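Each of the next two complexes has chain A plus one more chain, namely chain B in the first and chain C in the second.
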Partner chain A sequence: MISLRNASRWYGQVIGINDITADLPPGLTALLGPNGAGKSTLIKLITGILRPTTGSVLVFGERPFANTKVYRRLGYCPEIDGLYESMTGREFVTAMAAVSGLKGALLRKKVDEAISLVGMEAAASRVIGGYSKGMKQRIKLAQAIVHDPDVLVLDEPLSGLDPIGRRDMTNLICSLAQQGKCIVVSSHILHEVEQMTSNILLLYRGRLLASGDVYHIRSLIDKHPHRVQIETSEPRLLAAELMRFPHVVSVRFSDGSPNQVEVETKNPEAFYSQLPDVVLEGDFEITAFESLDNNLEAVFRYLTEG
Partner chain B sequence: MNPPDEAQPKGLIADLSYRGYEGPLLTRRFRWWVITRNEIKLVFRNVWLLGLLVIFAYLIPGVQLYLRSFIPPEIVGERSFASYFYTGYSGSLFWLFLVALLIGAPSIAGDNRANALQILLAKPITKLDYLIGKLAAVFFILFGMSLIPALALYLFCLGSFNDQGFSKEALGILPRIIAASLLPAVVHSSVAVGVSARSKSPMVATAVYGALYIALSIVSQIASNIVVDRGGQEVATTVMHLSISGVLSGIGQHIYNAQPSFLGQPLRIWGEPLPRPELLPMVALAAALCALGITLAASHIQAVEVVRD
Partner chain C sequence: MSDLMLFQTALREYLTAKRFAVAVVVVLLPSLLAVLWKYTTDRAFFDPRLAYDALALGLIFGFILIITSMLAGTSVVSQEMERKSIVYLLTRPVPRARILLARFLGMLVPAALTTCLSAFLLAVTCFGPRNLSGTPLMRDLGVLLIGVFAYGSLALLLGTLLRKAIMYAIYFAFGWENTVSNLPGSFRKISIITYLKVLAPHSPPSNGSSDLIEILQHLSPPKAITPSSAVMVLFAVTVAAAALAALVFTFREYSPKDDAA
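Up next, the complex of A and B:
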């Protein structure tokens, strides 16, 4: 449905994206990358808001830039949430549905369906200015799906949502993907993406770093020692217990935080399954626990630095 | 690692079977109208009260006409009915400027500020549809606010002054009313929307348009004084009208074939009745202002992201 061939986009001297070639099939594909990786630029190329400087971007086999044929079948939910704050949610979705070409009874039906799908029936008559961040995300999604597009592009749809809002939005996006739509979601948080899809495009500094199955990329990470930071009242005793495991390769204590111990393991799965037993048997009080490599930055570090 | 949720699709692709497109196949023939209607709806929620003020501008000639029935012509002077309409028209110009300031200048800037263009320009409308929609919204509102009170005065005259000769002028006045209502609507909508498209803040756009309107009036006044000092009194009136307000007033005088007056007496300048400005430079300036405004707007409509504090 979406095809990129050596697509590049420069903003003057600054590279937005550089020489990206990829095909995005039906189903859910995530654009993953830290801030400034080029995700939003890529999304703007797909939605036809920007034109590639070189290369080509095709959606349904057509160039999307200012192409109303493509826009009829495309829904876009941008990251920003300014919107028309004096309008009610229903008015906003209705206006966007009308711009998309719907009218009359069909328009009203589709608006009702879209509002219902995003769970905004109760708040649809309130002005957008009084909405929470999550409500704004939902109403933005409603305007994007109201005309039943085949391609849905969502720029950071989980940004700013609370955990319940994230779960609801994730379920909603997954259910749309199950309907056979081509959904492109951008995010800079790995575990968010993992909950939605395994198919990712990994962007870094404007380049396509990796594409494919996120679990495969995960396994690349797992080949490297994995760092876990634990905060406990007895860090040295806990470290001694953990050092008994053959997959633990090092422990380190922090000068600044005397209650912290950083453990490095070659087998994270084994470590995570054995850690509760060690804690219970030794009656350790754990006050904080963090996987230092369980984030996108770690993925990029492994992929770029080897 | 979080295992995939049961609810999510299995594998990379959920459904590879052919799926027919079920959305609307054709976009609206007049897509710009959707933008226009939406804008008008938003505007009337906020500034409809201001529209009522335009009606007050036409109350003055209404009262003058009413008094004319009781006061002998030798006291009030002989005036055509069209001149009363000009009085109402010239009085409405200030209010129309305020309306343009409040609805025209923020129209596209408001969308820029709301980041609405990112959503709108990913819909099946073109930039031209969007521009026409915005221009049309401001135009229709200003046209309506200018036309409706003038028509009300017209109906008042038709009902009350036929025996005093209004019936002879009635047919000629109607197209003049329409032309005079079109003029400020066209000029204000073009220039204000042009200014608006350049700005990412409605307040800035409003301030810029207000400053432009006032500054051009001041500059044209100063320029006309300089022209008079250099002995060019015959062109001084025309130079005095080389501004947005001046153009609207000057062309309005030609439309109604009227002189600017106060309480029935012609306004004087440098001891002489104020002459009408030359029509051609007025029309040329009005056309140039409109073209400039529309060109500015067309070249600056783009989906830029505005980050708010």
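Up next, the complex of A and C:
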């Protein structure tokens, strides 16, 4: 649905994104990277607010800049809170739906649906100026989904939401992705994204550092062994057993938690398949088990810090 | 439906409480000054036509018309940019030129109402509500409407091209227009107010002495501009500026500043 080919964007002497080639399929894709990585620039190229300096960005096979055909099927929830503060939430969503071409009874139905989906029924008749940050996020999402777009671009959609709001918003975004929509979510908070998708585009200083499944990306990083933390009543005995595996490169004991063992392995798949046998044969009691590297934080750290 | 919604949204923005309060002051100012003039002058010497001409020329044509039209025209884009809400409009399935022109009309309607209402109240104050026939009011209202569109279109163009458009619009309104329209020879033909003055001539109050500009104008008398050519020039300026603004808005990138990079 979205295709980038050697797309670069410069702001004078400053580079926004540099030579990015990627395809974003239906489903949920996360744009990840620290502030200034180029996420917002990439989103603006996809939504046609900016044009690439070189290369191409295509949405549904068309250039998105000022393209009404693309906008008929695209919804955009920007990061910034620039809203019509004197309007009520319902008026704002209605205005955006009308500008998107909805009319009459269908318009009212879609507005009601969108407001209900984001959980803003109770506050929809209040003016936006009095909304909390979380409410603004929700009403921004409502205007983005009101015309039922096939592509939804969400720039930091969880920012400013409380934990319950984050959970609701995450569930909503996931359910929209399950409907076959192409959803692009940007975030710099890695664990937020991890709860939504494993399909990522990792940006750093304007460059595409990695793309694809986060676990697959992690497995490609041979340089950094996979770390697993195990908590058991017999940490030293378990460590001795695990050291027999050729793919286990180190075992460490934690200073603070004497029952914890941190294992580093070069072959996580073999490790996970052999570990149950070791535990059963040695009759070890395992009270906690955690993979320290199957998260985006670790992937991001390895890729950027080397 | 989408055009109407854009028009209504712009109209509503113009009618916010702050702007409405300013508009009320602007509407009432000329008539309040006329009342002051009337009651500080001996009744026998009060000339309604002279008071109307002086206030219409100096205050309505020379200030209110220009400032309200320029504010309305530049606000079409700059207000959306400052509020950073422009991204919502630019990512909708409506051609950018239509977004711009619908918002332009939405902003221009209250500007035209403000200007025309101030002229109407001034005429009522000077001539009395029953003596309006035979006064230049109807002619002035028509010319003010033409002026609102001409100045508004130029301001719209500035707004699509420049970030701090209102500053340049004010320089243009009170620097260029006031200076160039008083220069001798044909220089005055490159100011809008010159053509408006041709369509709606008002006699300025004279204190019996000649200033430098009058002397220069006598030395180099300009060729007369006919009312029909004035209408044509103002129409051409309005259409050309609005069309150019629509073209610029269609092809230019508008990305709120904080959000860039």
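Keep this in mind: the second predicted complex is superposed on the first by the 218 of 306 C-alpha atoms of A that agree within 3 Å, B and C clash if a C-alpha of one lies under 4 Å from a C-alpha of the other, contacts with A are read in each partner's own complex, and residues count from 1 in each chain.
Operating definition for what follows: contacts are C-beta pairs under 8 Å (C-beta built on N, C-alpha and C of every residue); 3 or more make two chains touch, one makes a residue touch a chain.
Predicted model only: the values in this text are computed from it and were never measured.
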Superposition on chain A - do chain B and chain C clash or fit: clash
First (chain B), second (chain C), both or neither touched by A:Gly180: first
Partner chain in contact with A:Arg108 - chain B first, chain C second, else both or neither: neither
Which superposed partner A:Arg63 touches (first chain B, second chain C, both, neither): neither
Which superposed partner A:Asp213 touches (first chain B, second chain C, both, neither): first
Touched partner set for A:Arg51, first chain B, second chain C, both or neither: second
Touched partner set for A:Pro25, first chain B, second chain C, both or neither: first
First (chain B), second (chain C), both or neither touched by A:His247: neither
Chain B versus chain C as contact partner of A:Gln195, first or second or both or neither: first
First (chain B), second (chain C), both or neither touched by A:Arg205: neither
Chain B or chain C, by number of chain A residues touched: B
Region of chain B that runs into chain C when the structures are aligned on their shared chain, from 5-13, 77-85, 149-157 or 167-175: 77-85
Common interface residues of chain A - those touching chain B in one complex and chain C in the other: 44, 47-49, 66, 68-69, 71-72, 74, 76, 78, 80-84, 86-87, 95-96, 98-103, 143
Of chain B, residues touching chain A in the complex: 1-2, 4-5, 7-9, 11-17, 19, 21-28, 31, 34-35, 37-38, 41-42, 45-46, 113-116, 118-127, 303, 305-308
Parts of chain A lying in touch with chain C, wherever the complex brings them together: 11, 14, 16, 36, 38, 40-41, 44, 47-51, 65-66, 68-69, 71-72, 74, 76, 78-84, 86-87, 95-96, 98-103, 143
Residue ranges of chain C touching chain A (in the complex, touch as defined): 1-2, 4-6, 8-9, 12-13, 16, 83-96, 250-251, 253-256, 258-261
Chain A - residues contacting chain B, complex: 25-28, 44, 47-49, 66, 68-69, 71-74, 76, 78, 80-87, 91, 95-96, 98-103, 106, 140, 143, 147-150, 170-171, 174-175, 177-180, 191, 194-199, 213, 215, 218
